[in-house]
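Heads up, the next two complexes both have chain A, just with different partners, chain B and then chain C.
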Partner chain A sequence: MNLVMLELRKHRMLIGGLLLLALLWAAWMVRLVLTSGPDPFDYLAINIGFLFALTPVGLLVPVVLARALSGEATGPLAFLLTSPRRGLAHVSARFGVALATLALYYGAIVAVSAWVAASGGIRYDAWLPPAAWGYFLVAWAAPAVILGIVYGLLVAAYRPGRGGQIVAAAATLGVLKTWSWLTQQAANRLDFLPRLPLPHFTVPREVARYLGLPTGDLDLQLGLRAVADGVPSAPVFTGLLLSALLFWVALRLWEEVEWA
Partner chain B sequence: MIAYYVLAFFSATLAALALWGAWLGWTRSKSPTARYFVAAMALAWVVFIGVEAWKSYQVFETILSSELAFTEAAPPLYHEYRDCRVCYEGPAGDVYVVAANTMQEALYVFQRDAPYSLRFASGQVKLNGRALQPGCYTGEARVKDTLEVTGAMSFRLEVGEEASCD
Partner chain C sequence: MLVELKDVTRRFGETVAVDGLSLALPSGEVVGLLGTNGAGKSTTLKLMAGLLYPDAGEVRLNGQPPRKARGELAFLPERGQMYDWLDPKGAAGLFGTLYPDFRPQRFFELLAQLEVPKRALNQMSKGQRARFLLAATLARKVRLYLLDEPLGGVDLITRDRILAALVSEWREDATYLLSTHEVAEAEGIFDRAVFMKEGRVVLSVSAEELRERGQSVAQAFREVLA
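Presenting the complex of A and B:
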């Protein structure tokens, strides 16, 4: 679709930059693992450190999306907002491209981390990396992306100088508060929501000794079983619901922006 | 005292910002979706500001008044010594929980009367000197009751009104 190509061209620096970042980090981690000695603790620790550093970078995507949309009404692409194509095409294109970018970025991070962990001797269920990736995308990445789109459309729905940013910020904060409240309520009250199984996650002896455990391998699933009986799936369902609702709001806003 | 003023001022400022956003959103656009969505979300934010301000106020009350600090907020039991593997001790939902994969050695003393539930898969657990078999137990603990643990596996002690064996 032309709209998808337009999005790719518009954000080629961000998308290219994110993927390049992921690729460079992957190459560096692979080299680190292949050239290190028998002790896996160093590269496991470096990997975890990088997970914390690389994850927030994905926030750039919704932010850039919001900024691009909020400037669209006064920019050279303003004709898009009054085009006869349905809002569904426009919003889907932006949402799809952004979500695909985040999916690739976090997919690369998860895949490399999984390989590094396996090289370090950590044993885990095969479904754990894809499940973690999918969980993260549905519960956090998708709602964040659609919220960025809604933010930008709200700013575009108000003429410049008539309070667009304040309006969009107030609405966004309300959405964030409602989102966390919904997740909390769903986790506490909706008992019929399935609980996902605790994964096996066995840390090898060499690493476990740093945690002060002299007696062999440590399977976190056995330990966590005393504390929690599963992983809650409420965030996934709340993320789905929120994404659907905000998607609908974005569609209506797109169609009505020209009324502003 | 200052804390209350800071809390009130902060909450009032945020609420004013939210209400201003709601008003601007409602009056400055002809798009119905934008008007309703912004008004609804901004007013929801005001409600949450109020709820959080109330909760913070209650926390301040609890901390600043020393009587409550020794009764309601303090944990219902403490340990004289504890050696455990993969353990958690603290609030969990409606109960206070001590959970461990392996509880090598521990001596717990109750600080107040409370219902409890205790389960473990193997090892030795003595409640007030009386040895218990592996399994799940519920009961009412009194102040100064002691729980002595040696080599227990899959240990879980819940203390509170909601403590149960299921």
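Presenting the complex of A and C:
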């Protein structure tokens, strides 16, 4: 049993539960699409509703997962800390398991969403689903997971949690505020970074007609071009940089954690 | 010296657990760390294992800070815990990953010697779990073994088994440091006895010196710590 298998075994309920949730969603969506009427507007409504329902859950999943993966570095499980294996092995196993789980989880969401959209007659660039999946993983999931691990190790090492839930709530609010500030700064100051291409996303004429738009297929790229000349890459670079920085912090914390 | 502690102090809030402790242990000894409850034995072992940092003073294992010498020490905590679902085979795999010096074959031999059943930890009694953890610790091939109360909380028969396993495992190139309250049972296995009181070493004496004095470890314990 290596460290990756250990993490999988320890958190099999949480990881299995998340993947089961994604599978249930998929099955539900397939059923809805197969049993709903021929109007493509139904598909759009389903898909948009589906994404709105998933967004808050999807944003919280990395935090929950990271918290679980960082929760036992100290305490009576001293054999982890007296292992001569460096923090790199332990943190990498935790980060890797979390990221792989999220990759599957978001992968299922994106795949189902793309299939529902395609079933509704919506056409898009073939690269759009994998690109959206990768963008979300790098820009949000990876830094969120490693931040959760750092937070867990920080609590384990220096026990600010002695202040109870007030400290935890304050720390969470502080993190959200910092995240929001960082995003703002990244958007403002990293505008020089190359932009990613806007995708073609064509909705069928029935939907366009319903929306009171000229007849014919409606390519949303045209509308998007009016407000932006591309998708900003700043969140990707910020996500990568933050993940690398926090990963290093996690390694240092693992080495410093006390058992008291 | 394999182990050196110089003027080490460790506090927990207002409580001084270890108070200016100095101790030097050579390689190849079986050392009993003896003292009453609250004498600072467990804290001293954790400081040596690198699981606690001293507030003052210096801890060196083979000339290095403990965290850098983790490959040279094996630590059995007093209330050691392991994942409940682990069985001997899983544990051998896990310990093999965590410790390059882990000897699976020796682990299984020790489990057999200690009469530990081949089932998951959550299906074992307290004594069986203690023996399981001891076997896992001794199955590592290192220069320093730190064993915190390996005889604590087990019945007399189990104690005998543990002592027999310990004695069968002694290697001359390794140092074994055992903290215990079971002075009478452990009598005769120590090369040296280190007596601690209120966070300090009050006496460090070899078995030979005790013999010359005509004293048992238990008698010295009463005399020094009473």
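Here is the rule we use: the second predicted complex is superposed on the first by the 203 of 260 C-alpha atoms of A that agree within 3 Å, B and C clash if a C-alpha of one lies under 4 Å from a C-alpha of the other, contacts with A are read in each partner's own complex, and residues count from 1 in each chain.
Convention: a residue touches a chain if its C-beta (ideal position, glycine included) is under 8 Å from a C-beta of that chain, and two chains touch if they have at least 3 such contacts.
This structure is a prediction, so every number in the text was calculated from the model and none was measured.
Once the two complexes are overlaid on the shared chain, A:G174 sits against chain B while remaining clear of chain C.
Touched residues of chain A, counted separately for chain B and chain C, are more numerous for B. In the superposition on chain A, no contact is made by A:A244 with either chain B or chain C. After overlaying the two complexes on the shared chain, residue contacts for A:K10 are found with chain C alone; chain B is out of touch. Of the two partner chains placed by superposition, only chain B is touched by A:L253; chain C is not.
By the document's definition of touching, of the two partners only chain B reaches A:L220; chain C does not. Under the contact criterion defined above, the residues of chain A that touch both chain B in one complex and chain C in the other are 259-260.
Listing the residues of chain A that touch chain C in their complex gives 1-3, 6, 9-10, 75-85, 255, 258-260.
Of all the residues in chain A, the ones that touch chain B in their complex are 150, 154, 157-159, 162-163, 166-175, 177-178, 181, 213, 218, 220, 222-227, 249, 252-253, 256-257, 259-260. Here chain B touches chain A in the complex through residues 17-18, 20-22, 24-25, 28-34, 37-38, 40-45, 48, 85-86, 88, 92, 97, 99-101, 154-156, going by the rule given at the top. Within the complex formed with chain A, the residues of chain C that make contact are 12, 46, 49-53, 67, 70-71, 73-75, 77, 79-83, 85, 90, 93-95, 97-100, 136.
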